[in-house]
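In what follows, structures are represented as C-alpha cells.
What follows is a pair of complexes built around subunit A, which joins subunit B in one and subunit C in the other.
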Partner chain A sequence: MATATLAPRTGTTPFWRRRSFRRGLTGWLFAAPILIYFTIFVFGPILASLLMMFYDWNGFGPLSQAKFVGLSHVTEAFGDEKFLGSFRNTATYAIVVVLCGVGVGLLLALALNGVTKLVGFVRSTYYLPVMLPMTAMSLLWGLMYQPRYGFINQVLGMVGIPPVKWLINPNIALYSICLMVIWKGLGWYMVIFLAGLKAIPEEFYEAAQMDGATAWQRFWKITLPLLKPTLLFVIVVTVIGSLQVFSPIFIMTQGGPANATNVVVYWVYLTAFQFMRFGYATTLAVILFVVILVITLIQLRLFREGGLQSYY
Partner chain B sequence: MSASTTSTSTPLESNSYKEQIVSVKRRRALRWFSGQVTLWAIILLGLLFMVTPGIWMVLASFKNQAEISAIPLRFFPEIWRVSNYPEAIDAMKFWRVFGNSLLITVTITVANILTCTWGGYTFGKLRWPGRDLVFMLLLSTMMIPGFLTLIPRYVLIAKAGLLNTYGGMIIPFLTGTFGIFLTKQFMLGIPDELIDAATVDGCSALGVYGRIILPLSKPIMAVLAIFVFDWAWDDLLWGIMILTDREMWTLPIAIANLRVQESNQFELQMAGSTMAIIPVIILFLILQRHIVQGVALSGLKG
Partner chain C sequence: MKLSRREMLKALGITGVGLTLAACTPAPASEAPAASSSEGGEAAPAAAGTELTIWFHWGGATGERAQELIDTYNSEQGPDDGVSVTIETVPGGEYRQKMTASRMAGTAPDVYHTSIPILELATNEVIRELPDEEQAYVREHYLDSTIERMSFQGKVWGYPTEHQAPALIYRRSMLEAAGVTEIPASAQEIRALAKELTHEADGQKYYGFTQWYDNYPASFHFPGIIWRFGGEMYEFEGDIPRKIMVDTPECAAALGWWRGMVDDGSTQVGDLGFTEAWQQGLAIMGEIEPWFPFINLRDGGAEDVYEDLGVVYVRPAESISPVVQSGGWELVAERNSEHPAESDTFMQWMMHEPGMPFSHFIVEIIGSLPAPLNYPTPIPGWSEAMMDGYAAQTAPITRMHPGLKVLGDGEIGTAISETVQAVMLQQDDVEPALASLQTTLDEILERTDGSRTA
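Coming up: the complex of A and B.
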C-alpha cells in the first residue's frame, strides 16, 4: 500500500491521524445508520421469523406466553390441505402471469420496435395502467367481471360469445385474476423489452439479412439470445412479485370461490390476523420463501449455464 | 439496406434490368407497407384493450346504479351525475383518508430519496475497508420477499406501541435495497475527480454528499420518487395490518372497504376509484419521460 513508501512519517503519526484510517472511519460512520436500520427492520425480523416458526403465539399476549412446539408447525403445514391448495394456486398464478406477460409484452415490444411514429405516446399509454393503484383497478375489474351485466360479458355477448362466470366459476376465477394482473402489468414488460431491443446493434440484423436469414431466424438467433439478460431480469422480478400477490385477491374474491383463488400470502394473512396463529403463519411464510429461493437460484443457473446461451 | 448492393453498376445496363430493379423496389415497399399495417393493427388492438377499462370506470362514476348494470350495455351516462362524487367523498371520509395517504406516501418518498442517495454515495463513492462485503450483504436481502418479515415487523411495530399511528406506516419503509442499488449504479456516472477536487478544497464527506452528490443525483431521484410513491400509494397489506382505526385509514383500505360498505352502489365504488387514481395520473403526466426511462434503465441494469 501507499503507506509503505511513507514509512518514516507514518511511523510517528498515531493511527487515528492516518489518512487511510480517517477514510475508513468516514465510510463506516456513513454506513452505520443504514446498517442499524437494516438490522432492526430486515435482519432482525428474518431471524425472528426463523425463531417464531417453532412457537405457538396468538399475537396479543406477552411474547413470554409463546409456547415452544418444535417442528410441529412444519409437519402440520405439509398436511394442511388449504395451505397446499394455496400453494398450487400461487404457482399456477405465477406461471400464467409470467408466460403471458413475457409473451404478449415481447410481442408488443417487437411491434413497437418496428414502427417509427407515435412510439412515445403508445409507450406511455401502455405504461399508464402499471402506475394505477391495484386496489382501485381490482374494484373496477371486479365490477367488469359481473356475470350478467358486467362490461366484459356484455361486450363478448355482442360478438356472440356466451357469458363467462369470471369470478364465480372455481375453474376460471384464478385465470380471471391473472388476466386483470397481466392487463395492468403489460406496459412494464413492454417498456423493458423495448429498451432491451433498442440496445441490440442494428448491424447484427443487417449482417444476418445479407446472409439470407429469415425474420423468424433473426428473432431466434439474434433477438432472443441478446435479450437474455433482460428476460432474466423480467422473469425473476415477476416470479418474486407474483408469489406475493395479495391486493386483487383480497378485493375481488377473498380466496373464493371454494378456495380457488386462495394464495399463500392471503392465507398467511388470514392465519395470523383472523385465526390468530402467528407462529404457524410465520412457518407458512418461511416455507414459501424457501421455495422462492430455490426457484430463483434455478432460474439464475438455467440462464447462466446452457439454456439460451447455447445460441451464441 | 441491401437495396444498395443490387443497384451498384453491373456490366448489363439493359432496360429490362432497370425495370427489374423498379419492380423489386416496389415489391419491397409493398412488403414494408403491409408489415407496418400488421404492426399497427397489433399496437392499436392492444391500445384499445389497455385504455377501455379506465375510460369505462370514469364514465361509470357519472352514471347511476341502474345505468351501470343496464342490459344492453350503456357506454355513456344519460345524465352526468356529478353528485356521485360528493356522495363517495362522504362514504369514504375521502379527505381524511386522502390526507393520511398523502402524508404517509410523501414522507416515505422523501425519506427514500435521502436515504437511498446516502446509501448510493456510501457504497458507490466512498472508499472504505469492508465496503463491498457489506454491500453484498445488503444486496442479498433483495432476494428476500417482504412477506417473510411481515409478521415479525408487525410484532415489532405493535410492541413499540405504533399501531394506528403514522409512524407505524412510515418507519418500516424509510429505505430500500433496490433504491440503494439503483442509486449506486447511477453514482458510477459521477466523476471521481469532482469529489477529489472538492475534498482537496477542504470539503468533508458530508459536504460532498450535500453539495455534489445531491445536486447531481436529480435524474435518479425522479426515478426513485416515482417508484417509491407509486408503491407506497398502493400498499394495502401493511395498512390493513397496522391501521384498525378508521380515522387512520389510507386510500387503498378505504377503496377496498367500499366493496363491502357500498356493495350495491357501484357508482360510488367507481367514483372512489377514479379519485384514487387522480394523484397518480397527475404524477404520471408530469414525469412521464422520467418514468419510462427509469423503468427501461432498471431493466437494462438488471
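Coming up: the complex of A and C.
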C-alpha cells in the first residue's frame, strides 16, 4: 500500500492532467486570439507570398493553374533594368528624405526647445501637415507644382525666378516629391526629437557650462549622444517608410516622367496589378523586404550604444 | 455567481467558437441566391427578386446618370424579368486587382462593364461567351472593328459598348483669326501650321498642337501613327502576335513627327497638361478621342471651347489608306455567375435595338462613337462638327487597336509610354530610343505571348 502511494506519478498521470500542462494551457488560451489573428492575417500571407515567389500566376485563373518556375523570378529580378532602376530611385528618395527630414526636424526641435511662449501653438502648426492625409497632400502639391499656373512658380515669378518644371523635368521630379514628403513629416520629426531633448537632464548642460563648454561642444558631446536612441527610432522608422513609398508617386507622377520617379513599391504594384505577374511581383516585394531588414539590422547595430544609460 | 478562472475561460472559449461558427456558416437556402439556370440547357424562369450586380467605373454626375439608367431597368423591365440590378462602383484603374480579389473571395459581380481586353478575360476564364443567338446579333448589328474587338477563337464574348478613335480637334475661331482657310489634314500640314499658329498674346502662350504624352494616349495612339506613316507595329499569325516592330523607318518617322513639334516649340509639352491647355483655352489643335471634348470641355466648364471646335480625321500620305486605331469598353458576363440567364436578359435590355439604352448612355453622356450600325442620328448633345468629324469621317475608317490581341499589352504600353515621354521631354533621341524599345518589347512579347498556340 505504502509502495503504491510512493510510486512516481509521472508515469501514470495523463499529460493533460499534469499541473505544468494545465498551467501552460491557460497561457496559450489567453494568447490564442492574437495567435489566430497573426496566423491568418500576418504569417499566412507572408508564407503565401514566399511560396508565390516560385510560381507564375496571373491573378485571374485558379491557383491550381499557377506554374512552378523555381528561382527564375529571382534571377530575372537581378537582371531587370526597370527593377534595378526603381531601386536606385528608391535609394535616392530614402537618402534625401532621411537626411533632410531628420536634419531639419532636429534643427527645428532644437530651436523650439528653447521657446517658452506660444509653444503649443507653434508645435501644433508644425504638426498640422502630419495629420493631413498623404493623398490629399499629394493632390494639393501636384497643383502647386503645376509649371505655368502653380502657386510655387507664381511666387517664384514674383521675385524674378523663372518657372521650374517641378514634376515634368526628369532630373528634379523625384526631389520635388521628396520636398513635399519632408514638409509633411517635419512636424513628426520635431515632436519626437523634442520629447528626446526634454528627457536630457538639465544638470548635464549646467555642468558643461561651468566647465566652459561652448554651445557647439554641448550639442556635440551631450545632446547628440543622449539623443541617440531617439535618432535610432526616427531614422529606422523613416528609412523603412521611405523604402516603401507609394502614394505620392502613384498620385503625382505615376513613375514618370520617363521613369524618373519609378520606385520599387510602385513597380511591384504595376507588375502585380497591371501586368498581372503576381509571382514576379511577390519576388520583388520579398527582395525589398530583405533589403529593409538588412538595413534595419545595420542601423540597430550602429546605434546600439548611447543614450542616457551610457552615462550611468 | 462567482466564476472561477477556468469557468471564465471555458465560457469565453465556447462563446468565441460559437461566434466563429456563426460567422462562417453559409446563409440558409431561402436566403441563398437562385440556382443557376444555364446548365440544364433551357433557361428556367428567373426567381422573383434575383439580384444581379454590375461593375461600373463612373462616379460623380456620370455615376448618377448611370444609376438612373439602372433604376429605369429596375422599375420598368426588372419586375417582368424578376431581376433587380445593383451597381458596384470600381474605379477603372482598379478593375484588375478588384477582379482578382472578388473572384478569389467568391463575390464577383454578374456583369462587368470593362476595358480589359477580351483576350485576357477569355483566356483566363473570367467571362463566358455570349449565347449563340446573341453572338449572331452582335455580328449583324455592330461595326466591324468593334466585332473584332469582342472576338476570340471564333466566338463573340461581349457587347461592344464603347468605341473610341482619335481625330484632329481644332479651334475654328483661332484658325479663322490666323487667316487659315484650309483645314490641315495631313501630318506634315499639321506640323507646319502648328508652328505658325503658336504665339504669345497678353502674356499667355497659345499652343499650335497639344500632345498627351504622359499618360495612356501615348501608347494607345502609337500603332495609329505608325499606320499613318505606312508601317505596322505587329505581325500576327492568325490571332497570335509573332513579331513586334518599332525599330523601323516608319515608326521613326511617326515618333519623329511628334517630337518635331516639340523641337519646333509648338506644343505644351513641359508647360501644361493636355487637359489644362484645352480647358484654359490655350490649345489650338490636338488629336484625341471624342470622350475628351464631351467630358473635359462640354461638361468640364469649357463649353465655349467645345462650341468652337472643328473636327477632322487626319489624312495619311496619298499611297496609304486612311485608318485610325479604336478601342473601348465592353459589357461581359462573369463565367461563375450564379445567374447566367438573368445576366443575359439584362444585357440584352441594355444593348438591343431599338431601345439600346446603354448605347445611348455611352454615346450621349460619355461621348463615345456609336458601336451599333443603326444608331439613330443626329445624336442629341453632339455638335455638328463632332457628328461630321467623328461619327461620319472617323468611325468608318476605324481598325481595332492591335494591342487588344496581345497578352503583354499592359507591359508593352508602359514601355512605350516611358519611351515616348523620354523622347518628348528631349531626354532621348528618336532612333536610339526606338532601338532600345525594340529590345524591351521583344523580351516582353516573347515572355507573354511567345508560347501561345492556336
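Convention: the second predicted complex is superposed on the first by the 278 of 312 C-alpha atoms of A that agree within 3 Å, B and C clash if a C-alpha of one lies under 4 Å from a C-alpha of the other, contacts with A are read in each partner's own complex, and residues count from 1 in each chain.
To be clear about the criterion, a contact is a pair of C-beta atoms (placed from the backbone, for glycine too) under 8 Å apart; a residue touches a chain by one contact, two chains touch by 3 or more.
Not measured: the values here are computed from a predicted model.
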Quiz item: With both structures lined up on subunit A, is it a clash or a fit for subunit B and subunit C?
Solution: clash
Quiz item: What is the contact status of A:86 with respect to subunit B (first) and subunit C (second): first, second, both, or neither?
Solution: neither
Exercise. Mind working out whether A:257 is in touch with subunit B, subunit C, both or neither, as first, second, both or neither?
Key: second
Quiz item: After lining up the shared chain so the two structures overlap, which partner does A:176 touch, if you call subunit B first and subunit C second: first, second, both or neither?
Solution: neither
Quiz item: Once the shared chain is lined up, is A:26 touching subunit B (first), subunit C (second), both, or neither of them?
Solution: both
Exercise. Quick one: classify A:59 as touching subunit B (first), subunit C (second), both or neither.
Key: both
Exercise. State whether A:146 touches subunit B only (first), subunit C only (second), both chains, or neither.
Key: both
Practice problem: Could you say whether A:168 touches subunit B, subunit C, both of them, or neither, answering first, second, both or neither? | Solution: second
Exercise. Go through the superposed model and pick first if A:238 touches only subunit B, second if only subunit C, both, or neither.
Key: neither
Quiz item: Of subunit B and subunit C, which one contacts the greater number of residues in subunit A?
Solution: B
Exercise. Check the residue A:276 against both partner chains and state whether it touches subunit B (first), subunit C (second), both, or neither.
Key: second
Exercise. Would you mind checking which of 9-17, 45-53 or 99-107 on subunit C runs into subunit B after superposing?
Key: 99-107
Quiz item: Common interface residues of subunit A with subunit B and subunit C?
Solution: 26, 33, 59, 146, 148-149, 272-273
Quiz item: Any idea which subunit B residues touch subunit A in the complex?
Solution: 1-2, 35-36, 39-40, 42-43, 46-47, 49-51, 53-54, 56-57, 60, 68-73, 115, 118-119, 121-123, 126-131, 134, 138, 141, 143-156, 158-159, 171-172, 174-175, 180, 205, 230, 233-234, 236-237, 240-241, 251-252, 255-256, 258-259, 266, 269-270, 272-274, 276-277, 280-281, 283-284, 288, 291-292, 295-300, 302
Quiz item: So in the complex, which bits of subunit A are touching subunit B?
Solution: 23-28, 30-31, 33-35, 37-38, 40-46, 48-49, 52, 59, 63, 107-108, 111-112, 114-115, 120, 122-129, 131-144, 146, 148-149, 151, 154-155, 158, 183, 186-188, 191-196, 199, 206, 209-210, 229-230, 232-234, 236-237, 240, 243-244, 246-247, 250-251, 265, 268-269, 272-273, 278, 281-282, 285-286, 288-289, 292-293, 296
Self-check item: Residue numbers on subunit A that touch subunit C, as the complex places them
Solution: 26, 29, 33, 58-61, 146-149, 165, 168-170, 254, 256-259, 270, 272-276
Quiz item: Considering the complex alone, what residue numbers of subunit C touch subunit A?
Solution: 5, 9, 13, 16, 94, 96-97, 99-100, 103, 120-121, 124-126, 214-215, 270-272, 276, 280, 408, 410-411, 414, 417-418, 421-422, 425, 427-428
